[in-house]
Each structure stands twice: as C-alpha cells, then as structure tokens.
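Here the structure is laid out as structure tokens; the discussion comes afterwards.
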Amino acid sequence: MTVSFLILAVLTVAGTAAAMGLRNAVHCVLALTMGFAGVAALYLQLGAQFVGLAQIMVYVGAVAILAVFAIMMTHSPESANSPVFSSQWSWGCIVAAAVFAVLARAICSSAASAHVQPPQPDATVQQIGDALMHRYVLPLEIMGLLLTAALIGAVVIAMDRREEMK
Amino acid sequence: MIGEGILKGMAETARNFFGSYVSKDRLVTLQYPEQRDPQIEAARSFPFLVCDGGDWQQAMRCVACQICEKECPPKCIFIEKSKDKKPDANGKLQFYPAVFNIDISVCMSCQICAEVCPFDAIKMDVDHDLSSDDRFGGLLLNKQRLAKSNEYYNSIHPTEAAAVDARLAGERARQEAKAKAAAEAKSAAEAKLAAATPVQPAIGEPR
Amino acid sequence: MTQAIDQIFVLTKHWLVGLVPVGAQPLCSAILSVAAIIIVFATLFAITTWLERKGLGRMQNRYGPNRVGPFGLLQPIADGVKSLTKEDIVPITADHAVHFLAPVLLVAASLMGYAVLPIGRNMVLVNLNAGVLYFFAVGSLMELAVFMAGWSSRSKYSLLGAMRAIAQMISYEVPLVLASIVVIMQAGSLSTVSIVNMQATYSGIWPHWFVFTPWGFAGFVLFMVAATAESNRSPFDLPEGESEIIAGYYTEYSGFKFALFFLGEYIGMFATSGMAITLFLGGWSAPFSFSFLTWIPSYFWFFAKLLALIMVFIWIRGTLPRLRMDQLMNLAWEFILPMTLLNLLTAGIWHFMPAGSLRWLVCGSMVVVPCILLSSRMKHKKKLQVRIYHYSE
Amino acid sequence: MNSLQSYLLLSSLLFSIGLAGVLIRRNAILVLIGIELMLNAANINFIAFWRFGPAPSALTGVMFALFSISVAAAEAAVGLGIILAAYRHSRTTDLDQMNSLKG
C-alpha cells in the first residue's frame, strides 16, 4: 500500500463515517462531499480519469447540492432536539459490522485478490467515447431515456399540487 | 432582436468613457479637499456660539439661560451656569456659561437651538469637515471651540447676520432711549422741560 | 531567439528544477508552476480591481481612484493593507468551522481550474486527457463553497444570497457546458492543449479560431453570457444585489476573509475567461500569421486576450442594470438553452457539409433565424419587457 | 504497490458504513445518502476490477461505473423528490414517525 492510497482511504472513510454519524444534517452532507471527493481521487489513482471527474461533477456538484437543498426545505425546528439515530440503532450497527466481517473475510481469503498491479491501462476519453458509441450504444440510449424519465418524474413528484386541488 | 438595446447601451457607455478623457467639462467631480464648491448661504451644519468683540470669554452673547439645552431634541447640549456675573459686551452684568459643551456626534443639525435662543447667541455654522481620530473628545466641542466671532457669522451667513445685527442694534437703541428717557424724565420732573422726543439712532452701527 | 523568448519561462523552470536532487524534482516542478500561477493571477486580480474602478468611473464621468500613487495605481495595495488590518468578525451563532472553510474552499476551487489552462506554448500545468471536464468539475466545487458561506453565517441575507447564487450557477452551468461542447465535437478532444493546437494553424493569414465560424461565434457569445452568470457578474449579480440583500452570501464576512471571497470571485472570472479563450479564441495563438505578430511570445497573446475579455466584462458591468430573478431564469431556460442545443446541431451540419459559401449560408441562417425567433417570442411574452409598477404612482 | 485486496477492503468498509447509515439514521435524506454511499462502494469495486482484471482494454468496468453514476444521479433526484412529497404530506422526514401508508 502506498502513502497516497492510505491518505485517500483515511480521507474517504473519515468523510463517510462522519456523514453517517454527525448530528447536524448539513454537516453530514458536507462531510459526505469530502468522502465523495476521496472516492473520485481513488478513481484518478486507479487511472480512470473520466470516471473520477464525472464523479466529482455528479456527486459533489449535483447530488450534494440537491441533498443540501432537500435538507433545508424539510428542516423543522423541533427536529433539532429529537434523537439522530433510530431506536434499533444497535441492531443496525451489528448487522453492518457483520456484513463487513463477512466481506472482509471473503476478500482476504480469496486467491484472486492477491493480484499485483498490472501496467497502467489507458482509458482515454477517445476510447471511452468509441466504446460508448459502438459497443455500449444501447445502454447509453437507455440511460438517456432513464435520465429524461427521472427528470420528469422528479419534477412531477416534487411539484406542489395545491393549485390543482382547488 | 435580442441584444439590440444592450449594444445601444454599450455604445453610450463607451461614448462616456472616451468622452471623459476628451472633454474636461464632462467630469463634474471636484477634487474635494483642494477644490471646493462655493459655500451657499443656506448651508447649516452644527451650532456655534457668537461672540461680540475680541476676547471670546468676555464677549460671549450667551447668558446661560439653558433654553437651548432644554429644547435640544437629541440632548447634545450641556450647559453649566456660572455662579457669579460678568459684564458682557455692553458692560451689563450677566450670568455666563461656565461650561458649554455640544456633542456634535449626537447633534442632528435641526437648528432648534438657534431658533429658540432669545439672545441670538447660538447660530448654525457651515464648517462640516470635522472628522477626528479621537472618537469622543474630538467630536465634543467645548466653549472655546464653539466660540466664534460675529464677523465670522457675518461672513458665512451675511443676510441673516445683518438682520440679527439690526435687530440687536434696534433693541439696544430702544433700551438706551428708554434709559435716556427715564433719566431725562427724572431731570425734567424738576426742570419741567418740554417733550423729550428720543431720536432714533442710525441702523447699522450697533457698537 | 524568438523561440527562446517564447519559452523563457519553461526554460527557466527546467533550469531551476535541475538544481534540486532528482527525487524532489517532480514536487519542485509542481510547486514552481503553482506558485507562478498564483502570483501571476493574484497580480492580475489587483490590476483588475484598479481597472474596474477606473473604467467604471470613467463610464460614469468620474475620475475613479486617483489618490494612492500615480493614477491611483497603488490603490490595490492600499485596499489589501486595509482588508488585512481590519478586524475579523465571526457572528456568534455562526458555524465556525464551516464559516472559516468556505472562503478557503472557494479560492482553492477557483485556482484549481488553472491547472489545465494553456497560458502559452508548452505552458500548461498538466495536460489532462479530460481537461475540459476537469475544468467544469472543479467549477462545480464553487457552488459548494458558496453554500457553505451562506449557510454557516446564520443570516437571512447570507442564506438568500447563497440560494440565489446556487440556483443561478446550476441553471447556467448547463448552457456553459453545452456551449463548449461544440468545440469538443469539432476538435474531437477534451484536452485543452490539443484544442488550442488545432486552432493555432493558419490558412493564408487567417487563423483557424473556432470563433470565426457561425457555430463558434454563437457558442462564444452564449458561453460568455453563461460565464458572466456563472461568475456572478453584473448584470447577473443578483446573489450580491446590494439594494436587496446587502452583499449576498458574504454579508457576514469581514476583513481578510471578505477579501478572499473577492479574490475567489475574480480568479473564477479569469478562469472562465481563460477557458473561453482556450475554446474559442485560439488560446495563445496570434490573431494573424504575420511574422511580426508571431514573433510576439505566446503568453503575451493569452494575457492580451484575457485583458480584452476582462475589459468587456467591466464595460458590460458599467452598462447594464441588474436582472430580476424570473428574467434571469427565463433567459437561461427559454433562450440560451435552446440556442446551445441548436448550436450543437449547427456544428454537426458544419462538420459534414463540404467547405464553401453554401455551408456558411446554411449554418449562418441556422444561428441567426432561431435567435431572432426566440428573442421575438420572448419579447412577445413580455418576459424581458420593462417592469410595470402597479402599486406605485 | 497497492493490491486489489486493499481497494476491495476499502470498498467493503464504505459499503458497511453506508449500510449502517441506512439502518440507523432517522432522517430520510441521510438514509438516501447512505444508499448513495453503497453505490459508490460498488463503483470502486468496478474500477478496481477493471484495473486489475485480465482485459482492461475492453473498458467494461469503466462503462459500468459511468452508467452506475448516472443511475445514481437519477435515483438521487427521484428519491429526494419522493422525500419532499412525503414531507409535504406528513410534515416530517423522520422515518420512525412515517409509519402509516394511509393518506
């Protein structure tokens, strides 16, 4: 393990753990952006430049802002004093820890995961574009359709229908 | 077409930009501390105390009647009346303000003090660049800083000052005439003189 | 000789890097480049504040700053000293950590964009394969910084300003990216260096700048409008509309943090202008291929273009009044977005038509006709008309 | 050098953190964010497997990560829309209080 990987891993885990554990919801999202940025840096470290930058643009630039807006729109003063964690939080922690234990054991015992790093493959934008336009053109189109549907659906769900009900 | 008005506006600002370098009369800004607009007569800033004659302590018109202190809406005037009396400019014995302070950081330049003063002792100044690095002391004007001569008053508000001077002169003349008449009547009571018609003194020579 | 002058900074850096041990060379090289970028653009920021105040003053028939130094040239230094010595006030209810981090993040995010801007020939910090994407990804960090500033201040004005700013930045990021996609389509690359290299060739004396094509010109104008909104400049400066919400999201900042916000905003403006130069105006290439023009070093051309764009920004700020929020949003979604989408189509048609006057005619009309139609429709709907005050007489 | 194992361990840790968040948080928005985290963990796996896999030139992992990011974005938009609608209905985002299906 290199130093850069360790730094990024600590950053990511700290950010996401803070995002799930802090009291103030806005602080949670701000910590989460740190975690997302760490993940993006991990992608860059793995040589997937395009994915890493897309991650920053989508998660930090859009999802985090969206979440923050949603938190501020649903904020109510009485929620400031209510408990942060649900009543069965200990069970949740146990389940998560168990899942991690199982996954970690599987990973450590697997022979396939002992691979050493092969030489850097290049995933240039050109190659990604070629792949998107040839081999993966159908998923791309479906993705476009999905995003359009999500756009319309989100607007329709979030729209205030009080005007119509009158 | 969108943007037509934008281009028109941009042409206008460009004309102003280059015009300001070409023709000097476009630039109306005065370089303030060095250049100043001529003072207009109606300008008012803060009150000052009018003095007749030379020595400011002797010649202050104020008799410490404290009307201005009571009338001042923001209560920025502080007067301490003297215990003894001193002769004023006319030689008459009067009270005088032992302390007269105006906090011009509080003063709102309403001019009420000048209007209520029965002695025409407090008037409005035009001096406005009073900024000071001392936040409290620098803006608390004491008697000495407030005292200004009648000539100065005449120079900043000539019309008003002339009217005030005329009125004061008239009053003084009337008083003198009355005193004279009283004296003459006293002497006439025994001398049995004919009517003593007092002559009005000429206006404009108050002192 | 010409080459040496052109590459003087690159050669100097190589010489300096050669002085340190081999192991530290990459780090040293990076530090040198970053320091150079920060110093140069912070100086440009200082010059721009002076230029802006002077230019705005002259447009309003005033003198502008003229006290500190000759022609007021030392005014930025005086401003800097003033903001450094001012008291740093943090509201007692503010979220202290976030309040502190917001200006730092803003400046850092706006400086990060310069990593992919080719300032001159061979003068780019990193030639990223996905440079343009990197630029926009980093630009989206600024929204987060703005939100942090507005939210952590615990002030209504700050929060309203931040909300306005984020809504505006998100709305205009779409046309900003879409307007630059035409260039990416034509260049076939997301790397800023290869985009500039494509434009730095000449046919006759004319350069192959993308702005000299119908879709390039339309894209450039749309990009600049979106960039103006993205950097919160007048006439899109609603987030800091002084008459309504004091100073927007940095209402509660004072002293040096306020100066940092100012710096971040200007640095961001330079970065987007630099991107516009890279994408449409040929980057560091000379406007004509005359030998006396190409003799002038490449970085000079970049900064000349940058200063020209900054002056246009100042000119527009001196001319136009602030928009209303609904006008702003209507402009983005009803005019600029359809225009950018149509522009994509135009660029595609341009690519596949044979060169000639017919291509110019078709693509030119594809830009002009929708522009006229859309603007007349907007005028018809009275969306951009003069405001009528119903209740004031 | 980093091994595939370290990336996989990191991603499983991220997944568990996301899962714990989903299970223990009361705020619906943070639960949604937990789901996003789990998706991110999966993406790290995709990229890591692509990088260490036998045929990186096929770009399968990168493609999958890209599509998964766009699906996640769509999911976030729709999910937050649903949370807003639910909030408008029950005036809360507390999942422990949202316990009736009846409108």
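Lettered A, B, C and D in written order, each chain numbered from 1.
Everything below uses one rule, namely that contacts are C-beta pairs under 8 Å (C-beta built on N, C-alpha and C of every residue); 3 or more make two chains touch, one makes a residue touch a chain.
Because the structure is a prediction, the values reported are computed rather than measured.
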How far is the middle of chain C from the middle of chain D, if each middle is the mean of its Cα atoms, in Å?
34
Could you work out how far the Cα centre of chain A sits from that of chain B, in whole Å?
75
When the centre of a chain is set as the mean of its C-alpha atoms, what distance in Å lies between chain B and chain D?
78
With chain centres defined as C-alpha means, what is the inter-centre distance between chain A and chain C in Å?
29
Within chain D, the set of residues that touch 2 or more other chains is none
Two or more other chains in contact with one residue: find those residues in chain A.
50, 54, 62
Tell me the shape of the graph of touching chains, choosing from line, ring, star, complete and other.
line
Touching chain combinations (by label order):
A-C, A-D, B-C
In the complex, chain B touches chain C at residues 1-3, 6, 9-10, 12-14, 16-17, 19-21, 26-29, 31
Would you mind writing out the residues of chain A in touch with chain C in their complex?
26-27, 30, 33, 49-50, 53-54, 56-57, 60-62, 64-65, 68-69, 72, 124-126
For the complex, which residues does chain A have touching chain D?
1-2, 5, 9, 12-13, 16-17, 19-20, 25, 28-29, 32, 35-36, 39, 42-43, 46-48, 50-51, 54-55, 58-59, 62-63, 66-67, 70-71, 73-74, 76, 79, 82-89, 91-93, 95-97, 99-100, 103-104, 107-108, 112-118, 121, 123, 127-128, 131-132, 136, 139, 143, 146-147, 149-151, 153-158, 160
Contacting residues of chain C [partner chain B, same complex]
55, 58-63, 315-316, 318-320, 335, 371-372, 374-376, 378-379, 384
Chain A touches which residues of chain C in the complex?
95, 98, 128-130, 133-134, 136-138, 140-141, 143-144, 147-148, 151, 166, 170, 173, 188-191
